[in-house]
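Naming follows writing order (A, B, C and D), and every chain is counted from residue 1.
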């Protein structure tokens, strides 16, 4: 009954939009934050679940979006001619050229979205064109996020270093201290989430979406049908990066701080776990997984810090071994018999640069 | 250059000094068929890999419709009208039968042109036609992963045909099939002759005989002899290559 | 019903569950709630858990002695998870949800910087226990950790007295070392001495081969070391392997205290120097009581250090201020805190100055084989805290009260 | 100290770093080459090796104790690796990305386990007397150069381990089986080789080498619950640069990364050199996407 689905999604949307009515300020802020991360998680579901590309560096795109808007917020809080305080403490006396364009809110917004997407296109183009995929790609994205974090920390006079950027007062004329701004931001987050959710669903229903899954399951087959898979992969990787950047932007506006600790190797891989918990192919699962893991962390980690770390580790192992379809899989098990045509496993074939399954590789030395 | 659709000139492929193909040459006219047989390791699959651009020859060249395609990337070769069917079924398991054919039949393969949910009327007709041709109309909504082995092979042949290629490379299209399935496959291929040209490789003599096309025997990367199936069968060189075993026995071995 | 719609039902169900979970009813009582916000997980947990322990010890002692203003203190412990954003989030929770009257916590400057806007926005009060780089002045934070002029510069004074002229500055790549070294450089050059080189290693870095090489080439008299955590072990080991143990080339460390020395095995850092405002070996009755109480609660082989002493001190000062103000009102407590006068809570005579930072004495210690520091030198009197170093950042002043 | 001595010292440091990276990457390369598995918990295997050495030194006298520590680290971590392979890795065969995630989970659990058992602060392994000190050059063009004995020991150790593994692969029966499985798993299976056992043996060997490495690293760095994290990303880069689990490629890649880093650090700080290293790897992949050592192979069927 598609009718029920037609009720469920609007109902969820209304429930979320009414949250300011029934949630306290703190929990509303929390929910807004996690829903913003849900946007990023949907991006991972697209890239990983549907295109079979495991991104271990989404934190970088998240961070670029976040830093883009944070730089602007840092500048609008200043009197004319002043420079951000951390620059003074680092011995700078003029605003670095890189910062100058961010005085304009429009440029900052556009930059916060375009720069990460462009970087994703560049990286994807460099790697997918050379048929670097699978674990190779995953590891390179991880190394990339590590290098980026190290770089941001080392460029303290220009980036705020390890402390990151914080202490914002207003954004686009709205005071960030005002609770109404926070509610407005929350509503914007929910609406953006909904918009991107339906856009992503549409994207998956197009031929493009089918080809993504086709490339995931048989890249060579698709290639031998006359398609060049690289642009498809680059495109979806860029979409994932854009969604991460949007999340970073909203997140920073919401919480008022961005620092390298939020975009490193560990946060980046944790983002994948949210999606794994929700079900890697399911967009709504990705959002729910994000909410569940983050609320869980918020509630559990303070009372049982040790337990939490075991829990998150076990989650990685269990979700991958027993529940490759995550929450979405549980939902299916609980509600109905497995579909006749549902796949037994979610085996994503090894896509090595040579495009040969690993077991067929022929190098002589072991 | 010439009237031939595909022309292979002195192609040599080497893997770490081992010559998988050694100065192989042949040509193929539009709409015709050539079958290639040979024992395991003779270089049959490598030949297909080379034509399609997956393996680069160390010397020699491959002309298609008179232009050199030796060093083009695979998808570029495919876009010019050569399509290949793999030995193990190369279908897209997570798409339905119908979607498999749609993916193959699409005219525009750039990603931004794929951003629509519907296909053109012409593509739609094409899909219907192929579904009839491979007799999988009733199973069009089934996930390809759940087809029986034979049906997967036919689906892949359907996909190859749908891609509107003028030259189809079929790599052991009847591998692992039952006797009835083989016959069905052979009939399917024969129906397609004239519509496009074929290179078929197999080591099943009976199957090759059913196709009724000129045969080349490949051994140790070289073309040993060419001719009709009967000529090849009676060739003493061919017999000695098979180490004294009769070709029938070889065929049985392949079926086992 | 198809799977999609069933899935959607489940989704609604889970959403409702989450909503219920987060809007649970809170109980009210007549006690007074304070927040304790440290990293219990992540890279900073190593250090911050011990400060949390010291804070909890002080709370329990005060409760056992009758509480504050007749109320028992109820600590609400939250985990900052070594992530600034989580610190901001939890600070918001403590102030907004739990309505705590004050918060003790933080270690890294990153976490403090992230919490600062939260405390300013929602009007809370944070007691910050760790030495830091200064350059901050917020009415909503009580800075009990040392300012640069109470730890780093006294160490430089000591080194000058010892006749060292060539300084090598080495640190982990983050804010405190970079700012500390910026200030140090100004003073070293101002005093006519030489900075031979300045090097940074990423946080947690363990490869010092190139840096040892550069140290050998630069031939300093002393190394001023602001490395953090595990990097120290690697650094000292690799120096010793290259034939440069602290006995041969002195090292003055600003982030090695008793627990780090104990963990590293005193043998490799033996003879190195450290500058702090508190050492466990301090000959002070209040300190001895603190050490004994800590050991009896957390094990006889546990050690205490400077940030722990500050975490302990903060609770006592807050309690005294609240008693003096006869209120838990943040502004009244702040005002009372800076007018309490001299007290010996744990580290000798201290008091909060009107800029909400702590007057305290500086000490230089030398590490002994038993993992304790022998105090070699101390500033003649408690030093007035200067959040902005006058030489490096002229014209900056911190005026709160 | 002369300029020349500084450069020589950096060259030595590059080789020293390379030897460490080689040791860390060898085990990874083995299992990656054979099974296509990237083991994110590899760093924690180093940690186990370090803690085993530490524990041995608690009960045995120094000097000889360290040797026993190395043996314990090798054997103990090997056994742990075998258990890990049998309980988890094996179930995920053919799903390399899932293995990556699952082993990351394992690494989190192992880190937390170490924290619970040994405490969050690192433990100290003191180098035995015969590994302390350094060779110092006090005159001539290399005046001021000082080569720590412990680093030379690690270089020798990595050479020995590398030699041993090459010997095992090329000259022993087990190695022959490994080669067979590596070249064509299906064919090897058809020939009656128990590929599961070969996988297990290789994974255990790789783990054992990681344990030994952890033991060696304890000489120059502390043993902490997170010690593995410091090396693991670089080790992955080495494996990627080296080519599909090729041993020789891993050797070259380790040398390349080690010398590149040490070279960069003459001119820049450590942070910048890390960033340059990654850019270098991406640039390198543009030219050799399959790594340093690739063997043009006959592409097999299938997509």
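Simple rule for what comes next: a residue touches a chain if its C-beta (ideal position, glycine included) is under 8 Å from a C-beta of that chain, and two chains touch if they have at least 3 such contacts.
The model shown is predicted, which means the values in this text are computed figures rather than measured ones.
S.K.: Spelling it out: a chain qualifies if it touches chain A and also touches chain C; which chains qualify?
M.R.: Both-contact set = D.
S.K.: Looking at C-alpha means, what's the farthest chain from chain C?
M.R.: B
S.K.: For chain B and chain D, let me know how many angstrom lie between their CA-based centres, rounded off.
M.R.: Chain centres of chain B and chain D, defined by C-alpha means, are spaced 45 Å apart.
S.K.: Using the average of all C-alpha atoms in each chain as its centre, how far is it in Å between chain C and chain D?
M.R.: 36
S.K.: Roughly how far is chain B from chain C, going centre to centre by Cα mean, in whole Å?
M.R.: The separation of the two C-alpha centroids amounts to 72 Å.
S.K.: Residue numbers in chain D touching 2 or more other chains?
M.R.: Answer for chain D, listing residues that touch two or more other chains: 269, 271, 274, 295, 297-300, 302-303.
S.K.: Multi-chain contacts in chain B: which residues touch at least two other chains?
M.R.: Expected reply: 16, 86, 90.
S.K.: Among all residues of chain C, which ones touch two or more of the remaining chains?
M.R.: Residues 45, 173, 200, 202.
S.K.: Considering only the defined contacts, which chain A positions touch chain C in the complex?
M.R.: 1-5, 7-9, 11-12, 15-16, 19, 22-27, 29-31, 33, 85-86, 88-91, 150, 153-154, 156, 161-164, 166-168, 176-177, 251, 255-259, 261-262, 267, 282, 284, 288, 291-292, 295, 297-299, 301-303, 305-306, 308-309, 327-328, 330-332, 334-336, 339
S.K.: Help me check something: in the complex, which residues belonging to chain A touch chain B?
M.R.: 202-203, 205-208, 210-211, 213-214, 216-218, 220-228, 231-232, 235, 340-341, 343, 364
S.K.: Can you list the chain C residues touching chain D in their complex?
M.R.: 43, 45-46, 49, 173, 199-202, 204-207, 209-211, 213-214, 216-217, 219, 230, 233-234, 237-238, 240-243, 259-260, 262-265, 267-268
S.K.: If we count contacts the way the header does, which residues on chain B are in touch with chain A in the complex?
M.R.: So the residues of chain B in touch with chain A come to 16, 52, 73-75, 78-79, 83-84, 86, 90-95, 99, 102-104, 106, 109-112, 114-117, 119, 142-143, 145-146, 159, 163.
S.K.: Help me check something: in the complex, which residues belonging to chain D touch chain C?
M.R.: Where chain D meets chain C, its residues are 1, 5-6, 9-10, 13, 16-17, 120-124, 126-127, 132-134, 136, 144, 146, 148-151, 219-222, 224, 226-227, 229-230, 262, 265-266, 269-271, 274.
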